[in-house]
Amino acid sequence: MKKINYIDDIDKWQKEFTFSIPITPRFQETDMFGHVNNTAAFIYFEEARIQYLKKAGLFLELTDKTKPIPIVADLQCDYHKQIFFGDLLQLYVKLHYIGTTSFDIHYLVKNQDDQLCITGRGRMVQINPQSGKPTPFSEEMKKSLSKL
Amino acid sequence: MKKINYIDDIDKWQKEFTFSIPITPRFQETDMFGHVNNTAAFIYFEEARIQYLKKAGLFLELTDKTKPIPIVADLQCDYHKQIFFGDLLQLYVKLHYIGTTSFDIHYLVKNQDDQLCITGRGRMVQINPQSGKPTPFSEEMKKSLSKL
Amino acid sequence: MKKINYIDDIDKWQKEFTFSIPITPRFQETDMFGHVNNTAAFIYFEEARIQYLKKAGLFLELTDKTKPIPIVADLQCDYHKQIFFGDLLQLYVKLHYIGTTSFDIHYLVKNQDDQLCITGRGRMVQINPQSGKPTPFSEEMKKSLSKL
Amino acid sequence: MKKINYIDDIDKWQKEFTFSIPITPRFQETDMFGHVNNTAAFIYFEEARIQYLKKAGLFLELTDKTKPIPIVADLQCDYHKQIFFGDLLQLYVKLHYIGTTSFDIHYLVKNQDDQLCITGRGRMVQINPQSGKPTPFSEEMKKSLSKL
(Lines give C-alpha, C1' and ligand atoms only; values in the text may rest on other atoms or scores of the structure.)
Protein backbone atom coordinates (compact mmCIF):
# COMPACT_ATOMS: atom_id res chain seq x y z
CA MET A 1 0.00 0.00 0.00
CA LYS A 2 1.13 3.54 -0.76
CA LYS A 3 2.43 5.67 2.14
CA ILE A 4 -0.31 7.70 3.86
CA ASN A 5 0.72 10.62 6.07
CA TYR A 6 -1.83 9.91 8.84
CA ILE A 7 -1.06 6.17 9.17
CA ASP A 8 2.16 4.83 10.68
CA ASP A 9 1.52 1.12 10.89
CA ILE A 10 -1.51 0.06 8.84
CA ASP A 11 -2.09 -3.20 10.76
CA LYS A 12 -1.93 -1.51 14.15
CA TRP A 13 -4.04 1.39 12.83
CA GLN A 14 -6.79 -0.94 11.61
CA LYS A 15 -6.94 -2.85 14.87
CA GLU A 16 -7.66 0.32 16.85
CA PHE A 17 -11.15 0.73 15.36
CA THR A 18 -13.93 -0.55 17.64
CA PHE A 19 -16.94 1.37 16.28
CA SER A 20 -18.53 0.79 12.86
CA ILE A 21 -21.80 1.00 10.94
CA PRO A 22 -22.94 -0.78 7.76
CA ILE A 23 -23.54 1.33 4.61
CA THR A 24 -25.24 0.22 1.40
CA PRO A 25 -24.24 2.42 -1.59
CA ARG A 26 -27.23 3.90 -3.43
CA PHE A 27 -27.59 3.51 -7.21
CA GLN A 28 -27.74 7.32 -7.41
CA GLU A 29 -24.21 7.38 -5.88
CA THR A 30 -22.72 5.58 -8.89
CA ASP A 31 -21.44 7.60 -11.85
CA MET A 32 -20.92 7.09 -15.60
CA PHE A 33 -17.50 5.53 -14.90
CA GLY A 34 -19.50 2.53 -13.63
CA HIS A 35 -18.44 2.70 -9.99
CA VAL A 36 -19.48 4.61 -6.86
CA ASN A 37 -18.46 8.26 -7.35
CA ASN A 38 -15.50 9.54 -5.28
CA THR A 39 -17.69 12.14 -3.52
CA ALA A 40 -19.71 9.34 -1.86
CA ALA A 41 -16.73 8.61 0.44
CA PHE A 42 -17.48 11.83 2.32
CA ILE A 43 -21.20 11.06 2.53
CA TYR A 44 -20.29 7.75 4.15
CA PHE A 45 -17.71 9.38 6.47
CA GLU A 46 -20.45 11.77 7.61
CA GLU A 47 -22.95 8.98 8.33
CA ALA A 48 -20.42 7.09 10.43
CA ARG A 49 -19.16 10.22 12.19
CA ILE A 50 -22.70 11.30 13.19
CA GLN A 51 -23.53 7.86 14.63
CA TYR A 52 -20.22 7.96 16.49
CA LEU A 53 -20.89 11.44 17.91
CA LYS A 54 -24.47 10.46 18.76
CA LYS A 55 -23.11 7.60 20.83
CA ALA A 56 -20.98 10.17 22.71
CA GLY A 57 -24.04 12.43 23.10
CA LEU A 58 -22.42 15.11 20.92
CA PHE A 59 -24.72 15.33 17.91
CA LEU A 60 -27.27 18.05 18.47
CA GLU A 61 -30.48 18.52 16.53
CA LEU A 62 -29.73 22.26 16.60
CA THR A 63 -32.90 22.99 18.50
CA ASP A 64 -30.89 24.87 21.12
CA LYS A 65 -29.09 27.55 19.09
CA THR A 66 -26.89 28.61 22.03
CA LYS A 67 -25.10 25.29 22.49
CA PRO A 68 -21.68 24.80 20.88
CA ILE A 69 -21.61 22.50 17.83
CA PRO A 70 -18.82 20.50 16.19
CA ILE A 71 -18.17 21.50 12.55
CA VAL A 72 -15.91 19.97 9.91
CA ALA A 73 -12.62 21.89 9.56
CA ASP A 74 -10.90 19.60 7.08
CA LEU A 75 -11.23 16.22 5.40
CA GLN A 76 -8.76 13.90 3.74
CA CYS A 77 -9.41 10.69 1.85
CA ASP A 78 -7.31 8.00 0.14
CA TYR A 79 -8.91 5.67 -2.39
CA HIS A 80 -7.43 2.16 -2.36
CA LYS A 81 -10.06 0.08 -4.11
CA GLN A 82 -13.07 0.98 -6.23
CA ILE A 83 -16.54 0.59 -4.72
CA PHE A 84 -19.35 -0.78 -6.88
CA PHE A 85 -23.13 -0.83 -6.66
CA GLY A 86 -24.04 -4.02 -4.81
CA ASP A 87 -21.10 -3.77 -2.39
CA LEU A 88 -21.93 -3.90 1.31
CA LEU A 89 -19.62 -1.56 3.19
CA GLN A 90 -18.57 -1.32 6.80
CA LEU A 91 -17.61 2.19 7.95
CA TYR A 92 -15.15 2.35 10.85
CA VAL A 93 -14.54 5.48 12.92
CA LYS A 94 -12.16 6.24 15.75
CA LEU A 95 -10.98 9.22 17.77
CA HIS A 96 -7.34 9.85 16.96
CA TYR A 97 -6.70 13.01 18.96
CA ILE A 98 -8.57 15.43 21.16
CA GLY A 99 -7.43 18.95 22.03
CA THR A 100 -8.99 21.95 23.75
CA THR A 101 -11.46 22.94 21.01
CA SER A 102 -10.98 20.32 18.31
CA PHE A 103 -10.59 16.60 17.67
CA ASP A 104 -9.39 14.36 14.84
CA ILE A 105 -11.38 11.42 13.58
CA HIS A 106 -9.99 8.58 11.44
CA TYR A 107 -12.06 6.63 8.93
CA LEU A 108 -11.78 3.19 7.37
CA VAL A 109 -14.08 1.69 4.71
CA LYS A 110 -14.06 -2.04 4.01
CA ASN A 111 -16.19 -4.04 1.60
CA GLN A 112 -18.00 -7.37 2.06
CA ASP A 113 -14.74 -9.26 1.31
CA ASP A 114 -12.97 -7.40 4.14
CA GLN A 115 -10.92 -5.48 1.54
CA LEU A 116 -9.73 -2.01 2.48
CA CYS A 117 -11.41 0.43 0.03
CA ILE A 118 -10.92 3.86 1.59
CA THR A 119 -9.00 5.43 4.47
CA GLY A 120 -9.45 8.96 5.72
CA ARG A 121 -9.23 11.50 8.49
CA GLY A 122 -10.66 14.87 9.37
CA ARG A 123 -10.66 17.52 12.05
CA MET A 124 -13.78 18.76 13.80
CA VAL A 125 -13.78 22.06 15.67
CA GLN A 126 -16.33 22.95 18.30
CA ILE A 127 -17.71 26.41 17.67
CA ASN A 128 -20.23 28.76 19.19
CA PRO A 129 -22.99 28.85 16.53
CA GLN A 130 -23.63 32.58 17.13
CA SER A 131 -20.04 33.88 17.05
CA GLY A 132 -18.51 31.15 14.90
CA LYS A 133 -15.53 31.08 17.31
CA PRO A 134 -13.86 27.89 18.63
CA THR A 135 -15.18 26.92 22.06
CA PRO A 136 -13.41 24.60 24.56
CA PHE A 137 -14.95 21.19 25.24
CA SER A 138 -16.34 20.59 28.71
CA GLU A 139 -14.57 17.89 30.75
CA GLU A 140 -17.73 15.80 30.36
CA MET A 141 -17.56 15.99 26.55
CA LYS A 142 -13.89 15.08 26.55
CA LYS A 143 -14.68 12.06 28.66
CA SER A 144 -17.56 11.00 26.40
CA LEU A 145 -15.36 11.20 23.32
CA SER A 146 -12.36 9.49 24.88
CA LYS A 147 -14.45 6.58 26.12
CA LEU A 148 -15.61 5.60 22.61
CA MET B 1 -45.06 11.93 -28.23
CA LYS B 2 -46.92 9.79 -25.72
CA LYS B 3 -50.08 11.20 -24.11
CA ILE B 4 -49.42 13.08 -20.86
CA ASN B 5 -52.35 13.75 -18.53
CA TYR B 6 -51.31 17.35 -17.65
CA ILE B 7 -50.71 18.48 -21.26
CA ASP B 8 -53.53 19.03 -23.76
CA ASP B 9 -51.74 20.59 -26.71
CA ILE B 10 -47.95 20.22 -26.47
CA ASP B 11 -47.18 23.12 -28.84
CA LYS B 12 -49.51 25.54 -27.06
CA TRP B 13 -48.26 24.26 -23.68
CA GLN B 14 -44.63 24.89 -24.59
CA LYS B 15 -45.31 28.41 -25.83
CA GLU B 16 -46.81 29.46 -22.49
CA PHE B 17 -43.45 29.29 -20.67
CA THR B 18 -41.80 32.69 -20.26
CA PHE B 19 -39.42 32.01 -17.32
CA SER B 20 -36.35 29.78 -17.49
CA ILE B 21 -32.90 29.21 -15.99
CA PRO B 22 -29.85 27.37 -17.38
CA ILE B 23 -28.68 24.18 -15.60
CA THR B 24 -25.42 22.32 -16.15
CA PRO B 25 -25.64 18.66 -15.00
CA ARG B 26 -22.91 17.69 -12.54
CA PHE B 27 -20.73 14.61 -13.13
CA GLN B 28 -21.93 13.33 -9.74
CA GLU B 29 -25.49 13.37 -11.15
CA THR B 30 -24.64 10.73 -13.77
CA ASP B 31 -25.04 7.04 -12.92
CA MET B 32 -23.55 3.71 -14.03
CA PHE B 33 -26.06 3.55 -16.91
CA GLY B 34 -23.93 6.32 -18.48
CA HIS B 35 -26.54 9.09 -18.40
CA VAL B 36 -27.84 11.61 -15.88
CA ASN B 37 -29.79 9.70 -13.20
CA ASN B 38 -33.59 10.02 -13.23
CA THR B 39 -33.59 11.59 -9.74
CA ALA B 40 -31.72 14.67 -11.07
CA ALA B 41 -34.92 15.81 -12.83
CA PHE B 42 -36.37 16.74 -9.44
CA ILE B 43 -33.17 18.53 -8.37
CA TYR B 44 -33.45 20.65 -11.53
CA PHE B 45 -37.19 21.24 -11.02
CA GLU B 46 -36.38 22.51 -7.53
CA GLU B 47 -33.68 24.92 -8.73
CA ALA B 48 -36.01 26.42 -11.35
CA ARG B 49 -38.99 26.53 -8.97
CA ILE B 50 -37.00 28.38 -6.28
CA GLN B 51 -35.73 30.99 -8.74
CA TYR B 52 -39.30 31.40 -9.99
CA LEU B 53 -40.70 31.82 -6.46
CA LYS B 54 -37.84 34.19 -5.56
CA LYS B 55 -38.86 36.39 -8.47
CA ALA B 56 -42.38 36.46 -7.01
CA GLY B 57 -40.95 37.25 -3.55
CA LEU B 58 -42.20 33.92 -2.17
CA PHE B 59 -39.02 32.05 -1.25
CA LEU B 60 -38.21 32.66 2.38
CA GLU B 61 -34.91 31.96 4.06
CA LEU B 62 -36.92 30.64 7.01
CA THR B 63 -35.50 33.25 9.35
CA ASP B 64 -39.02 34.25 10.33
CA LYS B 65 -40.53 31.00 11.62
CA THR B 66 -44.06 32.47 11.87
CA LYS B 67 -44.50 33.21 8.15
CA PRO B 68 -46.33 30.68 5.96
CA ILE B 69 -44.14 28.66 3.57
CA PRO B 70 -44.90 26.80 0.34
CA ILE B 71 -44.12 23.05 0.52
CA VAL B 72 -44.13 20.35 -2.16
CA ALA B 73 -47.34 18.26 -2.04
CA ASP B 74 -46.75 16.14 -5.13
CA LEU B 75 -44.45 15.82 -8.15
CA GLN B 76 -44.82 14.17 -11.52
CA CYS B 77 -42.24 13.73 -14.24
CA ASP B 78 -42.15 12.29 -17.77
CA TYR B 79 -38.83 11.35 -19.36
CA HIS B 80 -38.75 11.91 -23.13
CA LYS B 81 -35.05 11.97 -23.94
CA GLN B 82 -31.99 10.93 -21.98
CA ILE B 83 -29.73 13.65 -20.54
CA PHE B 84 -25.96 13.21 -20.68
CA PHE B 85 -22.99 14.80 -18.95
CA GLY B 86 -21.95 17.72 -21.13
CA ASP B 87 -25.54 18.70 -22.00
CA LEU B 88 -26.52 22.30 -21.30
CA LEU B 89 -30.12 22.40 -20.12
CA GLN B 90 -32.73 25.11 -19.99
CA LEU B 91 -35.32 24.71 -17.22
CA TYR B 92 -38.71 26.30 -17.91
CA VAL B 93 -41.32 26.93 -15.19
CA LYS B 94 -44.84 28.33 -15.33
CA LEU B 95 -47.80 28.75 -13.03
CA HIS B 96 -50.61 26.50 -14.25
CA TYR B 97 -53.21 27.06 -11.54
CA ILE B 98 -53.59 28.95 -8.30
CA GLY B 99 -56.23 28.23 -5.65
CA THR B 100 -56.86 29.40 -2.09
CA THR B 101 -53.98 27.59 -0.37
CA SER B 102 -52.14 25.84 -3.23
CA PHE B 103 -50.79 26.27 -6.73
CA ASP B 104 -49.64 24.02 -9.57
CA ILE B 105 -46.34 24.53 -11.38
CA HIS B 106 -45.45 23.01 -14.75
CA TYR B 107 -41.90 22.17 -15.79
CA LEU B 108 -40.13 21.73 -19.12
CA VAL B 109 -36.50 20.70 -19.66
CA LYS B 110 -34.82 21.23 -23.02
CA ASN B 111 -31.25 20.49 -24.08
CA GLN B 112 -28.78 22.58 -26.12
CA ASP B 113 -30.36 21.30 -29.35
CA ASP B 114 -33.79 22.55 -28.23
CA GLN B 115 -34.94 18.95 -27.78
CA LEU B 116 -37.62 18.28 -25.19
CA CYS B 117 -36.03 16.01 -22.55
CA ILE B 118 -38.40 16.13 -19.57
CA THR B 119 -41.85 17.49 -18.76
CA GLY B 120 -43.37 17.66 -15.30
CA ARG B 121 -45.77 19.23 -12.86
CA GLY B 122 -46.26 19.50 -9.13
CA ARG B 123 -48.47 21.06 -6.52
CA MET B 124 -47.21 23.38 -3.78
CA VAL B 125 -49.30 24.00 -0.66
CA GLN B 126 -48.77 27.00 1.58
CA ILE B 127 -48.63 25.90 5.20
CA ASN B 128 -48.16 27.47 8.60
CA PRO B 129 -44.73 26.11 9.67
CA GLN B 130 -45.87 25.74 13.31
CA SER B 131 -49.20 23.97 12.79
CA GLY B 132 -48.45 22.35 9.43
CA LYS B 133 -51.96 23.39 8.28
CA PRO B 134 -52.74 24.89 4.82
CA THR B 135 -52.91 28.70 4.96
CA PRO B 136 -54.66 30.94 2.38
CA PHE B 137 -52.46 33.14 0.17
CA SER B 138 -52.74 36.89 0.66
CA GLU B 139 -54.13 38.85 -2.30
CA GLU B 140 -50.63 40.30 -2.71
CA MET B 141 -49.05 36.83 -3.05
CA LYS B 142 -51.69 35.75 -5.56
CA LYS B 143 -50.93 38.82 -7.61
CA SER B 144 -47.16 38.22 -7.45
CA LEU B 145 -47.57 34.63 -8.64
CA SER B 146 -50.09 35.42 -11.36
CA LYS B 147 -47.92 38.17 -12.80
CA LEU B 148 -44.99 35.83 -13.52
CA MET C 1 -56.03 11.65 3.11
CA LYS C 2 -56.23 13.61 -0.14
CA LYS C 3 -57.46 11.83 -3.28
CA ILE C 4 -54.64 10.23 -5.29
CA ASN C 5 -55.33 9.25 -8.90
CA TYR C 6 -53.46 5.91 -8.75
CA ILE C 7 -55.06 4.67 -5.50
CA ASP C 8 -58.70 3.55 -5.26
CA ASP C 9 -58.92 2.15 -1.76
CA ILE C 10 -55.92 3.10 0.39
CA ASP C 11 -56.35 0.23 2.87
CA LYS C 12 -56.68 -2.40 0.15
CA TRP C 13 -53.80 -0.77 -1.77
CA GLN C 14 -51.47 -0.92 1.23
CA LYS C 15 -52.24 -4.56 1.96
CA GLU C 16 -51.18 -5.62 -1.54
CA PHE C 17 -47.49 -4.87 -0.87
CA THR C 18 -45.45 -7.96 0.00
CA PHE C 19 -41.91 -6.79 -0.86
CA SER C 20 -39.98 -4.10 1.06
CA ILE C 21 -36.48 -2.96 2.01
CA PRO C 22 -35.29 -0.75 4.89
CA ILE C 23 -33.75 2.66 4.05
CA THR C 24 -31.85 4.97 6.41
CA PRO C 25 -31.87 8.61 5.20
CA ARG C 26 -28.38 10.10 4.90
CA PHE C 27 -27.52 13.43 6.56
CA GLN C 28 -26.53 14.70 3.11
CA GLU C 29 -30.14 14.06 2.00
CA THR C 30 -31.51 16.66 4.44
CA ASP C 31 -31.85 20.29 3.33
CA MET C 32 -31.89 23.73 4.95
CA PHE C 33 -35.63 23.37 5.64
CA GLY C 34 -34.55 20.87 8.33
CA HIS C 35 -36.10 17.76 6.80
CA VAL C 36 -35.16 15.18 4.15
CA ASN C 37 -35.28 16.92 0.75
CA ASN C 38 -38.18 16.02 -1.58
CA THR C 39 -35.76 14.67 -4.23
CA ALA C 40 -34.71 11.84 -1.86
CA ALA C 41 -38.08 10.14 -2.42
CA PHE C 42 -36.96 9.18 -5.91
CA ILE C 43 -33.57 7.94 -4.68
CA TYR C 44 -35.42 5.66 -2.27
CA PHE C 45 -37.91 4.53 -4.96
CA GLU C 46 -34.92 3.58 -7.12
CA GLU C 47 -33.24 1.56 -4.38
CA ALA C 48 -36.40 -0.41 -3.70
CA ARG C 49 -37.22 -0.85 -7.40
CA ILE C 50 -33.74 -2.24 -8.17
CA GLN C 51 -33.90 -4.77 -5.33
CA TYR C 52 -37.35 -5.76 -6.55
CA LEU C 53 -36.18 -6.20 -10.15
CA LYS C 54 -33.07 -8.06 -8.96
CA LYS C 55 -35.32 -10.53 -7.20
CA ALA C 56 -37.11 -11.05 -10.53
CA GLY C 57 -33.74 -11.43 -12.29
CA LEU C 58 -34.35 -8.26 -14.34
CA PHE C 59 -31.61 -5.90 -13.17
CA LEU C 60 -28.66 -6.18 -15.49
CA GLU C 61 -25.17 -4.92 -14.84
CA LEU C 62 -25.09 -3.74 -18.44
CA THR C 63 -22.14 -5.96 -19.26
CA ASP C 64 -24.08 -7.41 -22.16
CA LYS C 65 -24.95 -4.36 -24.27
CA THR C 66 -27.29 -6.31 -26.55
CA LYS C 67 -29.81 -7.34 -23.89
CA PRO C 68 -32.97 -5.23 -23.45
CA ILE C 69 -33.07 -3.04 -20.31
CA PRO C 70 -35.94 -1.51 -18.36
CA ILE C 71 -35.80 2.33 -18.19
CA VAL C 72 -37.87 4.83 -16.25
CA ALA C 73 -40.58 6.43 -18.44
CA ASP C 74 -42.36 8.44 -15.77
CA LEU C 75 -42.51 8.94 -12.00
CA GLN C 76 -45.14 10.35 -9.68
CA CYS C 77 -44.90 11.01 -5.96
CA ASP C 78 -47.25 12.28 -3.23
CA TYR C 79 -45.82 13.61 0.03
CA HIS C 80 -48.01 12.87 3.06
CA LYS C 81 -45.65 13.33 6.00
CA GLN C 82 -42.23 14.93 6.30
CA ILE C 83 -39.20 12.64 6.73
CA PHE C 84 -36.45 13.64 9.16
CA PHE C 85 -32.85 12.59 9.72
CA GLY C 86 -32.96 9.75 12.23
CA ASP C 87 -36.12 8.21 10.73
CA LEU C 88 -35.91 4.54 9.76
CA LEU C 89 -37.92 3.98 6.60
CA GLN C 90 -39.44 0.91 5.02
CA LEU C 91 -39.78 1.07 1.23
CA TYR C 92 -42.58 -1.06 -0.26
CA VAL C 93 -42.81 -1.91 -3.96
CA LYS C 94 -45.38 -3.84 -5.97
CA LEU C 95 -46.19 -4.58 -9.59
CA HIS C 96 -49.43 -2.86 -10.49
CA TYR C 97 -49.66 -3.65 -14.20
CA ILE C 98 -47.66 -5.42 -16.87
CA GLY C 99 -48.15 -4.93 -20.62
CA THR C 100 -46.27 -6.01 -23.73
CA THR C 101 -43.25 -3.69 -23.38
CA SER C 102 -43.87 -1.82 -20.10
CA PHE C 103 -44.94 -2.25 -16.49
CA ASP C 104 -46.15 0.00 -13.68
CA ILE C 105 -44.67 -0.12 -10.20
CA HIS C 106 -46.29 1.34 -7.08
CA TYR C 107 -44.32 2.66 -4.10
CA LEU C 108 -45.11 3.17 -0.43
CA VAL C 109 -42.81 4.71 2.21
CA LYS C 110 -43.52 4.26 5.91
CA ASN C 111 -41.54 5.48 8.90
CA GLN C 112 -40.59 3.68 12.14
CA ASP C 113 -44.01 4.54 13.62
CA ASP C 114 -45.76 2.84 10.68
CA GLN C 115 -46.91 6.25 9.44
CA LEU C 116 -47.46 6.64 5.70
CA CYS C 117 -44.94 9.27 4.51
CA ILE C 118 -44.90 8.94 0.71
CA THR C 119 -46.85 7.13 -2.00
CA GLY C 120 -45.85 6.91 -5.65
CA ARG C 121 -45.94 5.12 -8.95
CA GLY C 122 -43.95 4.97 -12.15
CA ARG C 123 -43.82 3.24 -15.50
CA MET C 124 -40.80 1.30 -16.73
CA VAL C 125 -40.36 0.53 -20.43
CA GLN C 126 -38.12 -2.23 -21.71
CA ILE C 127 -35.94 -0.91 -24.51
CA ASN C 128 -33.24 -2.19 -26.81
CA PRO C 129 -30.14 -0.28 -25.60
CA GLN C 130 -28.83 0.12 -29.17
CA SER C 131 -31.98 1.34 -30.91
CA GLY C 132 -33.72 2.88 -27.89
CA LYS C 133 -36.98 1.27 -29.10
CA PRO C 134 -39.48 -0.54 -26.82
CA THR C 135 -38.96 -4.31 -26.83
CA PRO C 136 -41.55 -6.93 -25.78
CA PHE C 137 -40.90 -8.91 -22.58
CA SER C 138 -40.25 -12.60 -22.95
CA GLU C 139 -42.83 -14.91 -21.38
CA GLU C 140 -40.19 -15.84 -18.81
CA MET C 141 -39.72 -12.19 -17.74
CA LYS C 142 -43.46 -11.67 -17.47
CA LYS C 143 -43.68 -14.69 -15.24
CA SER C 144 -40.78 -13.52 -13.04
CA LEU C 145 -42.38 -10.12 -12.56
CA SER C 146 -45.88 -11.43 -11.95
CA LYS C 147 -44.68 -13.90 -9.33
CA LEU C 148 -43.25 -11.16 -7.07
CA MET D 1 -5.55 31.65 8.36
CA LYS D 2 -4.64 28.27 9.81
CA LYS D 3 -1.55 26.50 8.47
CA ILE D 4 -2.27 24.17 5.55
CA ASN D 5 0.30 21.55 4.59
CA TYR D 6 -0.05 22.02 0.80
CA ILE D 7 0.20 25.84 0.84
CA ASP D 8 3.43 27.72 1.58
CA ASP D 9 2.51 31.32 0.83
CA ILE D 10 -1.26 31.80 0.50
CA ASP D 11 -1.03 35.02 -1.54
CA LYS D 12 1.46 33.57 -4.02
CA TRP D 13 -0.55 30.33 -4.13
CA GLN D 14 -3.78 32.14 -5.00
CA LYS D 15 -2.15 34.17 -7.76
CA GLU D 16 -0.99 31.04 -9.58
CA PHE D 17 -4.56 30.04 -10.55
CA THR D 18 -5.48 31.01 -14.12
CA PHE D 19 -8.37 28.60 -14.82
CA SER D 20 -11.77 28.76 -13.15
CA ILE D 21 -15.45 27.97 -13.66
CA PRO D 22 -18.58 29.38 -11.95
CA ILE D 23 -20.67 27.05 -9.75
CA THR D 24 -24.14 27.72 -8.35
CA PRO D 25 -24.91 25.53 -5.28
CA ARG D 26 -28.13 23.54 -5.62
CA PHE D 27 -30.81 23.66 -2.90
CA GLN D 28 -30.48 19.89 -2.63
CA GLU D 29 -26.81 20.42 -1.65
CA THR D 30 -27.79 22.27 1.55
CA ASP D 31 -28.32 20.31 4.78
CA MET D 32 -30.32 20.71 8.00
CA PHE D 33 -27.50 22.80 9.48
CA GLY D 34 -28.69 25.55 7.10
CA HIS D 35 -25.58 25.70 4.90
CA VAL D 36 -24.17 23.81 1.92
CA ASN D 37 -23.13 20.34 3.12
CA ASN D 38 -19.40 19.62 3.41
CA THR D 39 -19.60 16.83 0.81
CA ALA D 40 -20.53 19.38 -1.90
CA ALA D 41 -16.92 20.66 -1.89
CA PHE D 42 -15.85 17.46 -3.65
CA ILE D 43 -18.72 17.67 -6.17
CA TYR D 44 -17.48 21.18 -7.05
CA PHE D 45 -13.83 20.06 -7.19
CA GLU D 46 -14.87 17.36 -9.65
CA GLU D 47 -16.78 19.78 -11.91
CA ALA D 48 -13.81 22.14 -12.08
CA ARG D 49 -11.28 19.31 -12.52
CA ILE D 50 -13.21 17.78 -15.44
CA GLN D 51 -13.50 21.12 -17.25
CA TYR D 52 -9.77 21.61 -16.66
CA LEU D 53 -8.89 18.15 -18.00
CA LYS D 54 -11.26 18.62 -20.95
CA LYS D 55 -9.36 21.77 -21.88
CA ALA D 56 -6.18 19.66 -21.88
CA GLY D 57 -7.93 16.99 -23.96
CA LEU D 58 -7.65 14.45 -21.12
CA PHE D 59 -11.26 13.75 -20.18
CA LEU D 60 -12.46 10.71 -22.04
CA GLU D 61 -16.05 9.65 -22.48
CA LEU D 62 -14.87 6.08 -21.90
CA THR D 63 -16.03 4.99 -25.33
CA ASP D 64 -12.59 3.60 -26.03
CA LYS D 65 -12.04 1.11 -23.20
CA THR D 66 -8.39 0.55 -24.11
CA LYS D 67 -7.21 4.13 -23.52
CA PRO D 68 -5.66 5.01 -20.15
CA ILE D 69 -7.85 7.14 -17.82
CA PRO D 70 -7.00 9.43 -14.90
CA ILE D 71 -8.60 8.33 -11.60
CA VAL D 72 -8.74 10.04 -8.21
CA ALA D 73 -6.12 8.63 -5.81
CA ASP D 74 -6.67 11.02 -2.91
CA LEU D 75 -8.49 14.22 -1.97
CA GLN D 76 -7.95 16.80 0.73
CA CYS D 77 -10.11 19.77 1.64
CA ASP D 78 -9.94 22.65 4.12
CA TYR D 79 -13.10 24.58 5.02
CA HIS D 80 -12.45 28.26 5.71
CA LYS D 81 -15.88 29.85 5.36
CA GLN D 82 -19.38 28.38 5.20
CA ILE D 83 -21.18 28.33 1.84
CA PHE D 84 -24.89 29.15 1.72
CA PHE D 85 -27.66 28.65 -0.80
CA GLY D 86 -27.71 31.77 -2.97
CA ASP D 87 -23.89 32.08 -3.03
CA LEU D 88 -22.27 32.27 -6.46
CA LEU D 89 -18.98 30.39 -6.38
CA GLN D 90 -15.90 30.51 -8.54
CA LEU D 91 -13.91 27.24 -8.67
CA TYR D 92 -10.19 27.62 -9.40
CA VAL D 93 -7.98 24.71 -10.47
CA LYS D 94 -4.27 24.48 -11.19
CA LEU D 95 -1.68 21.81 -11.89
CA HIS D 96 0.73 21.67 -8.96
CA TYR D 97 2.92 18.77 -9.96
CA ILE D 98 3.22 16.22 -12.73
CA GLY D 99 5.18 12.95 -12.53
CA THR D 100 5.47 9.86 -14.70
CA THR D 101 2.03 8.36 -14.02
CA SER D 102 0.32 10.88 -11.73
CA PHE D 103 -0.32 14.58 -11.18
CA ASP D 104 -1.48 16.82 -8.33
CA ILE D 105 -4.25 19.37 -8.72
CA HIS D 106 -4.92 22.26 -6.34
CA TYR D 107 -8.36 23.75 -5.76
CA LEU D 108 -9.62 27.10 -4.53
CA VAL D 109 -13.27 28.11 -3.95
CA LYS D 110 -14.25 31.76 -3.60
CA ASN D 111 -17.68 33.29 -3.12
CA GLN D 112 -19.29 36.35 -4.78
CA ASP D 113 -17.52 38.63 -2.27
CA ASP D 114 -14.13 37.21 -3.28
CA GLN D 115 -13.87 35.48 0.11
CA LEU D 116 -11.85 32.29 0.29
CA CYS D 117 -14.29 29.51 1.29
CA ILE D 118 -12.44 26.27 0.56
CA THR D 119 -8.95 25.14 -0.44
CA GLY D 120 -7.99 21.66 -1.51
CA ARG D 121 -5.73 19.33 -3.40
CA GLY D 122 -5.78 15.83 -4.81
CA ARG D 123 -3.71 13.35 -6.78
CA MET D 124 -4.85 11.77 -10.02
CA VAL D 125 -3.20 8.60 -11.30
CA GLN D 126 -3.42 7.49 -14.91
CA ILE D 127 -4.36 3.83 -15.10
CA ASN D 128 -5.00 1.23 -17.74
CA PRO D 129 -8.75 0.57 -17.35
CA GLN D 130 -8.31 -3.16 -18.03
CA SER D 131 -5.39 -3.92 -15.70
CA GLY D 132 -5.98 -1.11 -13.19
CA LYS D 133 -2.19 -0.49 -13.24
CA PRO D 134 -0.56 2.99 -13.38
CA THR D 135 0.40 3.95 -16.95
CA PRO D 136 2.97 6.62 -17.93
CA PHE D 137 1.70 9.81 -19.59
CA SER D 138 2.69 10.38 -23.20
CA GLU D 139 4.91 13.42 -23.83
CA GLU D 140 1.91 15.00 -25.58
CA MET D 141 -0.31 14.64 -22.49
CA LYS D 142 2.40 16.07 -20.26
CA LYS D 143 2.67 19.07 -22.56
CA SER D 144 -1.12 19.57 -22.63
CA LEU D 145 -1.31 19.52 -18.85
CA SER D 146 1.70 21.74 -18.31
CA LYS D 147 0.42 24.37 -20.70
CA LEU D 148 -2.80 24.99 -18.73
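All chains are identified by letter, namely A, B, C and D, in their written order; residue positions are counted from 1 within each chain.
Going forward, a residue touches a chain if its C-beta (ideal position, glycine included) is under 8 Å from a C-beta of that chain, and two chains touch if they have at least 3 such contacts.
Values in this document were obtained by computation on a predicted structure and should not be read as measured data.
Participant: Could you tell me which chains make contact with subunit A and subunit C both?
Facilitator: B, D
Participant: Counting C-beta pairs in contact, does B-D beat A-B or the other way around?
Facilitator: Output for the comparison: A-B.
Participant: So which chain is farthest from subunit C, going by the mean of the CA atoms in each chain?
Facilitator: Using the mean of the C-alpha atoms as each chain's centre, the farthest one from subunit C is D.
Participant: Centroid from C-alpha atoms only, then distance subunit A to subunit D, rounded to Å. What do you get?
Facilitator: Here subunit A and subunit D have centroids separated by 22 Å.
Participant: Mind checking the centre-to-centre distance between subunit A and subunit B? Centres are C-alpha means, answer in whole Å.
Facilitator: Here the centre of subunit B sits 35 Å away from the centre of subunit A.
Participant: Measuring centre to centre with CA averages, how many angstrom lie between subunit B and subunit D?
Facilitator: 31
Participant: Multi-chain contacts in subunit D: which residues touch at least two other chains?
Facilitator: 27-28, 32-33, 37, 39, 43, 46
Participant: Which positions of subunit D touch subunit B when the two form their complex?
Facilitator: Going by the criterion above, the answer is residues 26-28, 43, 46-47, 50.
Participant: Using the touch definition up top, name the residues of subunit A that touch subunit D in the complex.
Facilitator: 2, 32-33, 37-39, 41-43, 46, 62, 69, 71-79
Participant: Flag every residue of subunit C that touches subunit D in the complex, lowest number first.
Facilitator: Of all residues in subunit C, those touching subunit D are 27-28, 30-35, 37, 39, 85.
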